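Dropping the structure in here first, questions after.
Chain lettering (A, B, C and D) follows the sequence in which the chains are written, and residue indices restart at 1 in each chain.
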Amino acid sequence: MEKLIITAAICGAEVTKDHNPAVPYTVEEIGREAEAAYKAGASIIHLHVRNDDGTPTQDRERFRACIEEVKRRCPDAIIQPSTGGAVGMSNEERMQPLGLNPEMATLDCGTVNFGGDEIFVNSENTIIEFGQRMIELGIKPEVEVFDKGMIDSAIRLAKKGYIREPMHFNFVLGVNGGISATVRDLSYMAGSIPSNATFTVSGIGRAQFPMAATAIAMGGHVRVGFEDNVYIAKGIPAKSNGELVEKVVRIANELGRAIATPQEAREILGMRG
Amino acid sequence: MEKLIITAAICGAEVTKDHNPAVPYTVEEIGREAEAAYKAGASIIHLHVRNDDGTPTQDRERFRACIEEVKRRCPDAIIQPSTGGAVGMSNEERMQPLGLNPEMATLDCGTVNFGGDEIFVNSENTIIEFGQRMIELGIKPEVEVFDKGMIDSAIRLAKKGYIREPMHFNFVLGVNGGISATVRDLSYMAGSIPSNATFTVSGIGRAQFPMAATAIAMGGHVRVGFEDNVYIAKGIPAKSNGELVEKVVRIANELGRAIATPQEAREILGMRG
Amino acid sequence: MEKLIITAAICGAEVTKDHNPAVPYTVEEIGREAEAAYKAGASIIHLHVRNDDGTPTQDRERFRACIEEVKRRCPDAIIQPSTGGAVGMSNEERMQPLGLNPEMATLDCGTVNFGGDEIFVNSENTIIEFGQRMIELGIKPEVEVFDKGMIDSAIRLAKKGYIREPMHFNFVLGVNGGISATVRDLSYMAGSIPSNATFTVSGIGRAQFPMAATAIAMGGHVRVGFEDNVYIAKGIPAKSNGELVEKVVRIANELGRAIATPQEAREILGMRG
Amino acid sequence: MEKLIITAAICGAEVTKDHNPAVPYTVEEIGREAEAAYKAGASIIHLHVRNDDGTPTQDRERFRACIEEVKRRCPDAIIQPSTGGAVGMSNEERMQPLGLNPEMATLDCGTVNFGGDEIFVNSENTIIEFGQRMIELGIKPEVEVFDKGMIDSAIRLAKKGYIREPMHFNFVLGVNGGISATVRDLSYMAGSIPSNATFTVSGIGRAQFPMAATAIAMGGHVRVGFEDNVYIAKGIPAKSNGELVEKVVRIANELGRAIATPQEAREILGMRG
């Protein structure tokens, strides 16, 4: 089997220090968490940024500062800014980090409920606009999907030339509104992507490690981090993103998967490197 | 196997006489199409209504007039008004037909892209509000889902008491933004509902009859009609909803499934009758 | 979608005139049934032969006589002798028809219970021997499988060079001892073969037409005939193999699949032609 | 999730000291390996016995001696003798350990190739005979299956009263001739058993721990041991069955599954206890 790519989603846009005091807000904290994950074995840093008070922002200068800090601490890591943004942001606001020429960035391929009144909105035209911008800028998309139909949308839009192939997917499983986080669902999602595509899985909450272990068993890849889960075990907050990555590494060791370096991850993902 | 329930979605909110001149707008036309479907074997009439110019409306009085016309022509049919409405409508506008005390009504269990800039919006709180209203009024919901995660949402909300069980699902397969219309997808969806639930499948466009045939082979049920497809065969517009239903009946005959009367449909669906 | 290949399994080794008086035993009867199937739309004649008393035989001269009769009546049909034989036959006895240089022949890829004390025995070494012989003689195998693991065996042996690719499978579904005949199973089997492979499905008994309809909906191909089922509808014996093929053609017409001629079937299957 | 039942298949009938010098042959060695597995967390000891030279036997007295030794060392463990036997044994020879009134015993539900010329033969009539004997003697069967169709056979025979329900399955995945050992296959098998059934999975060879981890993630149960795999990691022979069980326990700990005691296992399996 291929070596295992671990993506660390160290921050997210919604989880706060109330959930876990180690959730990073400041540039320094972002750097600290990225470094802990990187040293533990993460090759990709999936990056949201916050204002110092913890509110989410897509501000390009904030992204610039954070990316520089992450690069300083994790020289060869692949940095993957999120274009998810927050409710009410325009597409241009959301796309600001693309202007910093990152190697990767997220491309959310559909609209999905997030519980209560919250809806994560990405119309087809938005997907097309983001996908085309990434093609123009030579940025590898991480195709983020919350349900099976989003894979179908991504494949359809890739065929039309709006998303570059081979595609790398992230399956977010277990959101209230998306597909649930079961082995059956993960197996179905993985069987639905093109044969030249790759994937990571993000299990939300307590599904994080069961989904990670299953992906490792399948030959897939794994995303962990505070964005998706803040506990190292039931009821026990993780001390850092590094601790979450270490746990994935231990499971991978048990199952005989070696961990990919950032350079090996670039090769597996078909990136310029 | 159980007898086959055929739901006729005779009108929809989006398809027009430009797509097929037999698409009904007026009360008279709605009645004509419902009757054709009913005589051909449909036991459930899934109902959207239009103004005379074809624009969609959720107006209660328009629903009242159409339902009376359908009842006159199809005395024992199960009438299932849509609560889908159109972009920009409030929940109260969308729920107007519930006030007419129909036996069934649609309950859309999530938000999904419909292509271009169009999004069909049903937040979790909207689902809860509609589900509770139907429980209060004793209306059997047709749980409409466009992707696997919507089934998971419906199950989760039913467990919390917001949707009455046993649930009857309609899988809409092949929308640009939802799960695709393949045998694999249909089999997966059918395997994802509770063991006491029932389902129909709506294949969009040219998927209508392949999905119908597969559902018949599975022991599931079928929805057809102009809302989902206006062609009787490739490139040939259907003359009426009745012609579409007749085709499903012929396929059912080939596969040895008898057609349920409205009364038999009520029993299969666990309705008061 | 590709045109539909219909294989007619007109005779089998076990079904008798007691099951249906139209089951063919003599050379003349074999010819009559093959012709009826061919005229109705079958492009492949899957062939077992019998002695005049109905007992199964793998005798080369009996195969020669039957093949000549079939060729006389169905000039361009693809003739596919069975190598299945009967209990207690040696491999050489079973392989006799291969000496007649047919275009195709069956290659059973595993051992499976047939109910009671009966076991259809094909050890791995037998599969290898038959597969190699077909490679030497330039005969396209129809890889016959009764369970999912047999697909895995075929793929493993093909990788080792014992079965020529691309492979054409026949999924026999619903034997007592093999995988059951459900849409879920058919979908799973079809999703388990290599991307360059093709398949027909044989549903046993009353599963024949539901499995055929589903395969048509999937873009797969269909085998029907007295070997698998002797009824045209519940409790009504089919008058001929032609009547069974006609029913498949009607279903295909309803679902918009055109029927492949023998020459088109050769192209779809990647045969020399 | 339920606590995790670990079955230790400490010996098997085919693996030898040439594969791993810790494979047990003598009564003392069997006892040693059972104890190591039990102390590490196994609640069920799946038991084959050997003559002192390592050849397999179904001799009742040898089983008696081994069972006594295992009971002495593992007082409350569930002991599950195999009725698999070896090629050429009669059903009565194979069923000898049933006469010792064990709590459980294996019931192989079909015939499958084992590679080369080897076939593991269990006709339908054999399954019925073994199943009925276990019902008469009040022995809980471990329904052993090597392919999907064997599950279907077990369900069919249980409906006819030949196998007592609820059934506990062991999925043996990855035998040359059976279904392969992938997450997709395991998910499919688990989705194919009755809702009141339980299962363990045995991944053969290097699939042992990936399949174990996936079963843990699914809420299923696990079988490990020398019968299925003799390596603790790639190229490194396990020192004992205990070491293999310890590894499963570590993975379960990472995934938050507690380990069932023998008494808890009896409750989960619906046994008299």
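In the analysis below, a residue touches a chain if its C-beta (ideal position, glycine included) is under 8 Å from a C-beta of that chain, and two chains touch if they have at least 3 such contacts.
Here the structure is a predicted model, which is why all the values come from computation and not from measurement.
Chains that touch both subunit A and subunit D: there are none.
Inter-chain spacing, taken between the CA centroids of subunit A and subunit B, is 37 Å. Note: centroid distance subunit B to subunit D, computed from Cα atoms, is 48 Å. A separation of 40 Å divides the Cα centre of subunit B from that of subunit C. Across the assembly, subunit D contributes residues 191 that each touch 2 or more other chains. Arrangement of the chains shown, judged by which pairs touch: one closed cycle in which each chain has exactly two touching partners.
Of all possible chain pairs, the ones that touch are A-B, A-D, B-C, C-D. Put simply, subunit C touches subunit D in their complex at residues 110-113, 115-119, 121-125, 146-150, 152-153, 156, 175-180, 185, 188.
By the touch criterion stated above, subunit D contacts subunit A in their complex at residues 182-184, 186-187, 190-191, 206, 209-211, 213-214, 216-218, 233-234, 247, 250-251, 254-256.
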